[in-house]
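Before we start, here is the structure in question, set down as structure tokens.
Chain nomenclature is as follows: A, B, C, D, E and F, assigned in order of appearance, with residue numbering initiated at 1 for each chain independently.
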Amino acid sequence: MNTVFITRRETFNAAHKLWQPEWSAEKNQEVFGRCANENWHGHNFTLYVTVSGNPDPLTGFVMNLKTLSEIVKREIIDKLDHKNLNLDVPFLSGILASTENIIIAIWEILDPIVEKHGATLAKLKLVETENNFVEYFGGKEPF
Amino acid sequence: MNTVFITRRETFNAAHKLWQPEWSAEKNQEVFGRCANENWHGHNFTLYVTVSGNPDPLTGFVMNLKTLSEIVKREIIDKLDHKNLNLDVPFLSGILASTENIIIAIWEILDPIVEKHGATLAKLKLVETENNFVEYFGGKEPF
Amino acid sequence: MNTVFITRRETFNAAHKLWQPEWSAEKNQEVFGRCANENWHGHNFTLYVTVSGNPDPLTGFVMNLKTLSEIVKREIIDKLDHKNLNLDVPFLSGILASTENIIIAIWEILDPIVEKHGATLAKLKLVETENNFVEYFGGKEPF
Amino acid sequence: MNTVFITRRETFNAAHKLWQPEWSAEKNQEVFGRCANENWHGHNFTLYVTVSGNPDPLTGFVMNLKTLSEIVKREIIDKLDHKNLNLDVPFLSGILASTENIIIAIWEILDPIVEKHGATLAKLKLVETENNFVEYFGGKEPF
Amino acid sequence: MNTVFITRRETFNAAHKLWQPEWSAEKNQEVFGRCANENWHGHNFTLYVTVSGNPDPLTGFVMNLKTLSEIVKREIIDKLDHKNLNLDVPFLSGILASTENIIIAIWEILDPIVEKHGATLAKLKLVETENNFVEYFGGKEPF
Amino acid sequence: MNTVFITRRETFNAAHKLWQPEWSAEKNQEVFGRCANENWHGHNFTLYVTVSGNPDPLTGFVMNLKTLSEIVKREIIDKLDHKNLNLDVPFLSGILASTENIIIAIWEILDPIVEKHGATLAKLKLVETENNFVEYFGGKEPF
């Protein structure tokens, strides 16, 4: 075994708000602060997708990054970029749009597709601002 | 004369859309593309405020950056951060929310205040994404 | 289990020197080089605090990042920012101010506080320059 | 045990192409795309070398980063910087110059040298562009 | 007049060497050092294209950045990306491939095209490494 | 005339404090805030040195960046790196160590040396933190 981890970075710009519909506006404001602004706010999100595997002897690739980029763009970026994460995204419907919940939803989509291409989805990292980011390893203890 | 230029960086996260109300939805889509998404999108904006002057002999300061930061936060960041630039900001009311128009509106607010503090507003830079930014020098030919 | 890792970035600017009081000046110079400059030097330090847990069903949060930021600022940043790490910081008293030793000391403070808030301190990263950083996982083998 | 991980960043600028000599030019073009350009292309590579260990009680160091930097420069950077990775580098001779294969080759060189200095090579990260990077943990499951 | 400056960033990865054919190999080595490596080296180049003008009253745009990006990609990036700047680029033929000479050649191409779109090419910036970059204002004294 | 501007980046890590000896400790605290901490604080400073001129027909260089880097390292970086800017630097003796005053002092040293090498010192930029920087053009109105 000679596992190598390769990562592809993609970006999307989106609006969202943090809002729990079971709560009053006051309670939302109290818990989520400025992130509960009724008319939305937004971010430049950066998504890092890490897959692992043994390099192929003929290509030297764990997985062709062009293929990985196309998958991430088609399945994730095209659906999130220049969208409202609360209103416009079927795979986030009914989910409170915290970065934690978004990264889990992205994992559910990418994991089986990466597996079909002979690699393993190892890690996702979703950067919301220069000060805040989340990482997810499929719920497992991480690397 | 010994003019030095000092710059303070501040950030805000906001939603907006590019939308010309005199046009049809189709025309807006054609001109502004994904930026015309009806339900908004958003960015992490970064604002650089540059002021110029001679360093004060006693403080070594063109202007106290703590003062400059407080002015920019009070006059600009508090009004734009976690807001919808099309809906929530009085000083952008009726203005198409392009970065060009936003930077001009910010200049109009900051220019007289900086002058009252004995310095000169020399340049604004507003970064929308890692690929796009605008700069403004009060409409004058720049440095 | 659906463990997500969230990270908050904070910064502080501080002076320090690397100096082993049991050694002569020559020996300190030999081992620590320019870092042993008697009159100190300094850095813009960047601290990344990563906590893990399951997202709360109501908030979507592993931990409210506003709370985490307030804890890190109150317990760490306010005590290190614009300070001399060898002279001004009670929790570093008697400790050689290497980044390795500083990160361990920060862990000891933050670990029990994060636990009281229902999350787990998973990782600290302390960046000293663009070329040098340390990471700590509580002494455990890391992720 | 109180394992800390310290990282040193080094950079090199090099030319390479992705080319499988067992294949036709058409097949190389099909698999590797623009990366198969016959006359080479190049990158600013960034290498992060992470070593782990317990901080020395006298120095506070897992390993002297000056020593680590000298090793990485002498063994790796001097051999890769301003070189052609396919033609000029003995330790990459006969190896398809993918980042996956390069990072494995670097590990083989650094691992025994770091061990002689009393620390453990824990991780390598090789950044090819802002969008692509690889990580390697000696073939083991990572942290 | 209300001149605003807008900038688009694009990137390309290329091989080159600094080599003066009128000189001996020794002289090339002496003047250009490692940059004269016979088998090339390479960089991740970043190009910033700044155009100026008055924002259009209907669009709020100095120039549609999508249009500017398409021009820069078609005229410059497609011809330089994953190429050898000494061998593969017609518009650099016979030109010593220093960043100074490259940026002048890019200006000659973009300047008339930007003008046809009703804006003015104001500045180019070409970043070769994190330590080195050049700027060009059409040979004029700059802003 | 075909003026091109080339820039070299160098870094230094230093301690300093903002302190006006003609004032009381209270007055210093009031004006300079945390920057007046008696036992110093510090920064990772980044210095950008921009020189201008016409590219040499034989080398394609405005000025050999290796030469420029050696000058900046010998004259500036070696004297500031891992030093106390208030105590250890002859050319800053008696000068209040604000970034404004430091950048003027650096200009006075570099300007005549760059001129001797056939180029013109066009601009200095000194970055103190990610939020604060100063620029200087020899006291002239800038570009």
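Structural remarks
Heads up, the rule we're going with is that contacts are C-beta pairs under 8 Å (C-beta built on N, C-alpha and C of every residue); 3 or more make two chains touch, one makes a residue touch a chain.
Only a predicted model underlies this, so the values are computations on that prediction, with no experimental measurement involved.
The chains in contact with chain B and with chain E alike are F. Touching chain A and chain E at once are the following chains: B, D. Looking for a copy of the C-D interface in B-E, A-B or C-F, one arrives at B-E, which has over half of the same contact pairs by residue number. If you lay the C-alpha trace of chain A over that of chain C, the rotation comes to 120 degrees, to the nearest 5. Computed from the mean C-alpha positions, the centre of chain A lies at a distance of 42 Å from the centre of chain F. Distance between chain E and chain F, defined via averaged C-alpha coordinates, is recorded as 28 Å.
For chain C, the set of residues touching two or more other chains reads 130, 143.
The set of touching chain pairs reads A-B, A-C, A-D, B-E, B-F, C-D, C-F, D-E, E-F, using the touch definition from the header. Interface residues of chain E, counted against chain F in their complex, comprise 18, 20, 22-23, 31-33, 95-101, 103-104, 130-137, 139-143.
The part of chain B that touches chain A in the complex is made up of residues 11, 13-16, 34-35, 37, 39-44, 81-84, 87-88, 129-130. Those residues of chain A whose C-beta lies close enough to touch chain D in the complex are 1-10, 50, 52, 55, 58-62, 64-66, 69, 143.
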